[in-house]
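Multiple structures follow.
Both complexes shown next keep chain A, but they swap its partner, so chain B is in the first and chain C is in the second.
Then we have the complex of A and B:
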């Protein structure tokens, strides 16, 4: 014969089991619900609207090997890669048109997919249709909760590109010295500045400064406007900071032009620098205070 | 007998549930009392020998090396004052806040001087503003690396204007570094509600609290956290002392 307490314990354990099962099911359903909701993420690039759900097959076919099923950058190839694949769950991206510390706009991600990242294993995915790329942008966004709670930053304003002049290149060189770009990138842009060897990314992995003399394309694109964006927005997750607080929008073009003279390719800027007999900066020159440095170049005659 | 027991069980269960709900409501009402400016003070000590702090070689940055020529600086992972007090410990309320505590509005200053962060550890309330200052003759990049907030990275050449920032989420603690000068390290400790940072004597003060029961947490960058419970009453500042054991 069973005692009352035995019956009671049976009753209690059955009830507890039932509630436990119920809560498990509820949690699973909740996770599924959140995942489902996240898959509704959209992207908007011009007239295109991307849908995360539509990109699932493409992502699983082409992206998962490096970026991983969860988008955490821990795909099966990750151990053999350097630079490491991006962890999408952090919602942090190098190539942006938005200020440092903010989310990129959809167009930034779209451009990165199409352009690829030079000197990494991320190729230009120009084999995809525009629609497929837009869908993948939405899928990349769906991994990070940040895209659900935060709005992307406001893209920085880039004034129209002026004509290259000798004065602008000289002003750019003064900026290169004042902003101490050479501390990492070196006086000739050869990535051999005094701080170059100790640079680390956010995961404390060694990272190299960009070597202008190598003739490679910068990670976030090689056009003049791309260069402009790189130092005005900074490359989040790397040591490259944003200089937007200390460079006026028009001045920034001067620096772009000077950076072009450091490249080995034949450029108009290089030609002008050659005519000027421009020498690399001298880092030991008397400390360049903002008062001493002409921060606003005199308007140069058009050449 | 079987039925009787079942009724008894149901009655007990219901009573328990009612009691729980009652306590929850009552507890909420008590904690909603307006703050009356009570405070907690105390001293933080280190028990044992602090770790060896290595001298920093700033020869790669001549302008900073010159400042410390006669007094080489060392790392600051454990800073012990002359009286054995532990500096740079942030004490904050981890449990018991009513949400009515006055927000800290004072604008803190995060200075870069002699290629060091001053202060080395800064306490901050959520959304409390701080300005980043560069007093050096060299460029710095200020690169906080939060997990629970948005990371940013800004350059500040010599002579440039200070800029103003704030953190929107609590986070203990956000490491801050300068990529140009890899020896520069500091922490911003972002907490909800009042906090105190210990000075060179190890003394701290947490003010702006309402009378009540609280759990205080003390955070030190090398030794981690410690907690203690404290009851704060009107008109009599409570005292809580923490002792960290040297590893």
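Then we have the complex of A and C:
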């Protein structure tokens, strides 16, 4: 025979179990509700409207192995990849047309999917149709609550590209010295500056500066305008800051032209540099501009 | 519940748990391991390529992301994949000539056999030797373990920095958009595309089998995103047999295709292909009929005559359902109308004419998920002109149907495993010993795996 105390304990246990199960079910239902709501996320690229829900099969087929089921960059391949896959839940992206610290516009993500990211395992997924890509952009966005609460930044204005001249290249070189780009990228752009070995990304993982002398395409695109953008928006989550507050738009073009002289390809800029007999900068010499003191750029947001 | 019933329920439950607990997939796991991509990235269902996988192959097994050179790999990485399929299968043919027991009852009867068995072993190794220099070597065995080289080729990719200039040399699969080497069907009937191998009754020209790997050199060009593809190959007419076994004849294989965006459905593709060549009609003999043996090969064939295969191909996607469509028109010179062929150094015997035929193939897939695919294929071969005048016009016509499914319980970038279940059926007009129709069928259940 059970005692009253035993009966009471039994009753309390059953009741507690019931409420625990009920709360679990409610939490699961709420999570499902939020996930379901997020799957209504859309993207807008030109006339295209992407739907996150439609991208589920493609994400599962192509992306999940690296970026993970939850979009947290923890797919089963993550331990063996360098650089690591993007954690979409943070809502932080390197390749943007928007100011540092802001969300990218949909077109930025759309372009990144098709272009791929050189020097990583992210290949160019230009085999997708435009619609599939737009859907995937919406799916990428649905992982981060940031896209539900914040608006993307306003894309920076890129002034028309001026003509390349010797003066502009020299001005660009002076800027390269003044902004201390060489500290990471090296005086010849070989990614061997004094700070190169100490660089870390926002997750405290070692990261390498871009080696201009290698001739590889920069991660966020290889056109002059792409270089301009990288320089003025920064690569969020990496030590590469935005120089938008420190450099005038026209000066930024000078730097773009100078950077082209560091690449091994046959370019107009390289030809002019050759005619000028342009030598690598001397980091110990004072900068050629009145502002000899290094300018402190806007740091990239760290998370 | 009786004891056997209980056991059955337990077994079924265990099977359900094993299959159901697998959450996560994979074709050449060697490539998947190299790049950290799941099989599903390149394969609609391995081994069949999807659009991205075709582009990867066209780029010389490169993703074109600066991580293609082997120097990026851990030194212990070995680009090797094994594939084999242990299986149970049942084979049945309704009319087989028999003489046992000897005596007046000898004749023909249905023969059915079944049991556990093995497929051959494929030993794939491929990848890059350096950025834009790729290779593929595939020693392949039959189920008894006797090996041959199925593929051996090296390829120079993106010559002059252009995706339009890629050259490969060796023994390789022809640039067939519907690839027999990546076929999803595995039975003795469906393991090859009948359309790629069909010949009318009596036709002796076995050199035009575009499903077989061939020896030669190929140029392939494609647009950056692979929407447009063209290729041309110069081949020795020997059906891929090494040692210069046939003659000094050559064949050409040409393809071109264009892909189109169809919105959320994906990318569809249409194209054409053509194989045109010459093959020997006789061989020099010595010592009373044996083939001539020369110190450096046996290229004693002569009397070359022409043959051609041409057709259209289409890959059409409608969400989870897709259709592969192929047509073929084949034609052999009249000297090939009989077996053995009529030597072309002598007049053509009376009553022979050029055998011609048409083939049609439709394969349908329902991709429920990257882990489960249902499939069917129907092939129809129709002789349009018999090689020997007076032969019934439908003699040799062939119908083939197969259906089944493949379930991939695991999805990782390390290995591949598929539970394969398929039934195939084929009937050919007038192919039985007594001149009536011959019907064959196959049922296969197997574990298809690679690692």
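In this text, the second predicted complex is superposed on the first by the 264 of 303 C-alpha atoms of A that agree within 3 Å, B and C clash if a C-alpha of one lies under 4 Å from a C-alpha of the other, contacts with A are read in each partner's own complex, and residues count from 1 in each chain.
Heads up, the rule we're going with is that contacts are C-beta pairs under 8 Å (C-beta built on N, C-alpha and C of every residue); 3 or more make two chains touch, one makes a residue touch a chain.
On a predicted model such as this, the values are computed, not experimentally measured, just so you know.
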item	value
Side-by-side fit of chain B and chain C on chain A, or clash	fit
Which of chain B and chain C A:122 touches, first, second, both or neither	second
First (chain B), second (chain C), both or neither touched by A:92	first
First (chain B), second (chain C), both or neither touched by A:81	second
Contacts of A:49 with chain B and chain C, given as first, second, both or neither	neither
Partner chain in contact with A:101 - chain B first, chain C second, else both or neither	first
Touching partner for A:246 - first (chain B), second (chain C), both, neither	first
Partner chain(s) touched by A:130 [first = chain B, second = chain C, both, neither]	second
Chain B versus chain C - smallest C-alpha distance in the overlay, whole Å	26
Footprint of chain B on chain A - complex, ascending	4, 7-8, 92, 100-102, 146, 150, 178-180, 183-184, 194-195, 198-200, 202, 234, 236-246, 287, 289-291
Interface residues, chain A side, partner chain C - complex	54, 57, 60-62, 64-66, 76-77, 80-81, 116-132, 135, 216-217
Chain A partner contacts - residues on chain B that touch it in the complex	1-2, 5, 9, 60-61, 63, 137-139, 141-143, 145, 150-161, 163, 179-182
Parts of chain C lying in touch with chain A, wherever the complex brings them together	24, 35-38, 40-41, 51-52, 55, 63-67, 224-226, 261-267, 369-370, 412-413
